[in-house]
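So, here's a batch of structures to check.
In what follows, subunit A forms one complex with subunit B and a second complex with subunit C.
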Partner chain A sequence: MNTEADISTLFQVIGTGLVVTIVMTVVSFCVGAVIAVPVALMRTSRTWLVRAPATAFIDVVRGIPTLVWLLIIFYGLGNIVSLDPLPAALIGLTLISSAYLAENFRAGIENVHTGQKEAAAALGLSSAHQFWRVIAPQAVNIAMPPSASYAVALLKDTAIAAIIGVTDIIFFAQQEVARGAPAVTAFLIAGGFYLIVSVPLSYFSRFVDHKIREKVVVV
Partner chain B sequence: MTFDNARILLQADSIEKTFRGNRVLDGISMDVHAGEVIALIGPSGAGKSTFLRCLNYLEQPTGGSLSLDGEPVFADPLKPAKSELLSLRRRVGMVFQTFNLFPHLSVIENITMAQRLNGLRSRADAEDYALQLLTQVGVQQKAKARPSECSGGQQQRIAIARALSQDPELMLFDEPTSALDPEVGNDVLKVMRDLAEAGTTMIVVTHEMRFAERVADRVLLLDEGHILEEGSPARVFRHPEHERTSRFLQAVLDR
Partner chain C sequence: MTFLENWAEWLPHLLQGLGTSLLLTLCVAGIGFPLGLALALLSIAPVRIVRVLSIAFIEVFRGIPLLVVIFFAYFGFPDIGLVISAFATIVVAHSLNLGAYSSEVFRAGILHVGAGQREAASSLGLTPWHAFSRVVLPQALRAVPGPLMSFLIMVFQSTSLAFAIGVGEMTSQAFSIGSMTFDYLSVLVLAGIIYAVLCIASARIVARFEAKMRA
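Entry: the complex of A and B
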């Protein structure tokens, strides 16, 4: 091992998992964001009966480690319906990202200056227009930077999916180590592949943060 | 300043507001005639802003009732229906101390949005009217800018244009110049004076005594949740009935 040819093979094999890693991140982030909207709306409701289930959902989902969620879903749901590792991981990661993003959205909604809602109300806008035309666009702006950095955290979280057999970067790295490749080299390469995605993502999240600071000057 | 003495536009009857057992408004009654300009003055904590906000139900009064043009605004003032709230707020415009322009919209969109969403005008008409209003308040050059690219004085004049875009019958001003430098504030006061001269019915919470004296038809001095003194600016400023009024005026003038 450790010849140049071997290392380039390692790169190729481990790199095969990159697509799955990216798919897990993108799908669970996007679907999670869609689910997060109604959860955040419920979470900011003035009615306790509406708010309580959303609060419970967020606390329970965030209170259990990602690893445990994936195991519960893979083995638990897998008992009821036949579930491949990837769909199980997608369900679990989506669940978790929806809870985290819902909290970001809630903070976004609550941090829109109260004067904005008052100004919208004073103009005679309906409650729906007040929310969707005035509060929501500003809440999204406020929620965007933390959500973009959450995308980086989520990308790294997907590494856990290898445990249930999802064929991502880590899966192939472990497979190569089992076949006799040096562990440090294999996992350094794996880490490098995460950096290829996470560094541009971090850069993008800072860019978003900067753009929004320019756009929204809080009074 | 002339106004139609016969027509009462807004009637506030025994407006009360209690915040957690703390009585902020102690049953305030006031008639506002069409075209009249009323200045609400008084020490901070007197309830001026709270009273003003009760007039468009940004604060819901805990007692009392409102009538517009002789008609009760709410069937049950303690349980306002959504449609009654919207109708009241579309007839009454409000300008805030902190402007509260929508930062995610351009200046002109700030003024056209409610016109369009409330079904008042088509997009093209709303834009024409917005430009006309911006010209009226002297900020037409900023139509395409973001509010954050405008000075405080410009933002407040844009906020006035935004409120006017709803064709309100009555305009409420909540300390419109308190967040501004005096020089910039004068531009805003000038716009308000023009509005008053054009016959706009206005209620202005203000600490600008010279503005109150020159522009208002009637001055109401609030203290501890009730009207302490009421009358023409000349009477309230030159011949106050209450010693408390003299002390307040003295304190303001000494500033």
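Entry: the complex of A and C
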């Protein structure tokens, strides 16, 4: 079981999981980013009653390991609504990415220099205008680099979904090993597939970081 | 209120699992952090090949999921004649992962110490090794405790992955109780609460510590 033909089959089988891995990463990142916007806005509110639920959401979601979330959603809620592994994983990963991204967005909003807000107010902009035209565009710049590197972390986190049976890269590697494929080869191939995606992604995130450092002065 | 009675019954099992989770965290930190410092030193070594190899090592381990490393070690090691317990497998796999991640923090700390410090040390007649170990390193290590504590919280959370190869830490304990009672939800939620309380509390402590360091 170590001939070239076997290794190329191994490549093909494990490679079929690549699409699922990428879909999980992209969907949970994008939907998470959409949810993160209102959460971050609430989190930076001056009213305690608005801020507290957002803080609690971020802290609790990030305080529980990814695997525990996936087990709660897949097995725990399984008694109430039975979900397939993939939707369960998507819900869990989206929940987690929304909390992490909300925290990045919050840091972005809070790190825009107060002078900017004061200047906008002095120019007579309404508070909605101050936020959307002055604060938000600069906050996005500050939040971008950590969010890009979070995408890499999220990609790696999707591997945990294999434990609840999502047919991603590592799931197929494990399945082939159970069928008698050599474990060292199978998991090296699996690791290689993750690197194919994660290395360019982390170079991209560093590129974003450099670009933005040239553009804004982070206080 | 039946679920509260159940929780009281399950709590000792979960706390026992928590003990294993914390022990894993300690072992991983004990090996992973020194490894991270070593990798940081190698990645700025004067010899090019050493630098290239250590940076490649760091990039690879930062680029692949921890679970892949764990499975590689768990299923792959016996194939190459290396038989260790599941607990040891987790410690090895996780330490490699933590070493790669924490090396960036150590490296940033070392590079942050200004060239002026190095020059001052060498103009005082200190040998390069003395300049490094007595002047640069102590200053570099002053910047790392905050980020390393955050890593520790991440490590604690990731010890839940030991579930995948059957080490009896807290997540595994919760899951096996769930599989006996078929009430996965309440026991997993209880475990989740324990994780969340510990992580939120330690994150607060880290934040306070970092604020104090900055002041």
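One rule holds for everything that comes next: the second predicted complex is superposed on the first by the 216 of 219 C-alpha atoms of A that agree within 3 Å, B and C clash if a C-alpha of one lies under 4 Å from a C-alpha of the other, contacts with A are read in each partner's own complex, and residues count from 1 in each chain.
The rule is short, and it goes like this: a residue touches a chain if its C-beta (ideal position, glycine included) is under 8 Å from a C-beta of that chain, and two chains touch if they have at least 3 such contacts.
Computed from a predicted model, the values in this text were never measured in an experiment.
Undergrad: Is A:Val19 touching anything from subunit B or subunit C once the two structures are fitted on A? First, second, both or neither.
TA: Once the two structures are laid over each other on A, A:Val19 reaches no partner at all.
Undergrad: Is A:Val50 in contact with subunit B, with subunit C, with both, or with neither (first, second, both, neither)?
TA: In the superposition, A:Val50 contacts neither subunit B nor subunit C.
Undergrad: Using the touch definition from the top, say if A:Gln174 reaches subunit B (first), subunit C (second), both or neither.
TA: second
Undergrad: With the two structures laid over each other on chain A, which partner does A:Leu123 touch: subunit B (first), subunit C (second), both, or neither?
TA: Touch status of A:Leu123: first partner only.
Undergrad: Quick one: is A:Cys30 in contact with subunit B, with subunit C, with both, or with neither? Answer first, second, both or neither.
TA: neither
Undergrad: Using the superposition described at the top, determine whether subunit B or subunit C touches more residues of subunit A.
TA: C
Undergrad: Once chain A of both complexes is superposed, is A:Ser198 in touch with subunit B (first), subunit C (second), both, or neither?
TA: A:Ser198: touches subunit C, not subunit B.
Undergrad: Go through subunit A and flag every residue that touches subunit B in one model and subunit C in the other.
TA: none
Undergrad: Show which residues of subunit B lie in contact with subunit A when the two form their complex.
TA: My answer: residues 56, 58, 82, 86-87, 89-90, 92-94, 96, 98-104, 113-114, 117-118, 146, 148, 159, 162-163, 166.
Undergrad: Give every residue of subunit C touching subunit A within the complex, in rising order.
TA: Residues of subunit C touching subunit A: 59-60, 62-69, 71-72, 75-76, 78-80, 157-158, 160-161, 163-164, 171, 174-175, 178, 182-185, 188-189, 191-192, 195-200, 203.
Undergrad: Under the definition above, what is the set of subunit A residues touching subunit C in their complex?
TA: Against subunit C, the touching part of subunit A is residues 59-60, 62-69, 71-72, 75-80, 152, 156-160, 162-163, 170, 173-174, 177, 182-184, 186-188, 190-191, 194-195, 198-199, 202.
Undergrad: Within their complex, state which residues of subunit A touch subunit B.
TA: 113, 115-116, 118-127, 129, 133-134, 137-138, 141, 215-219
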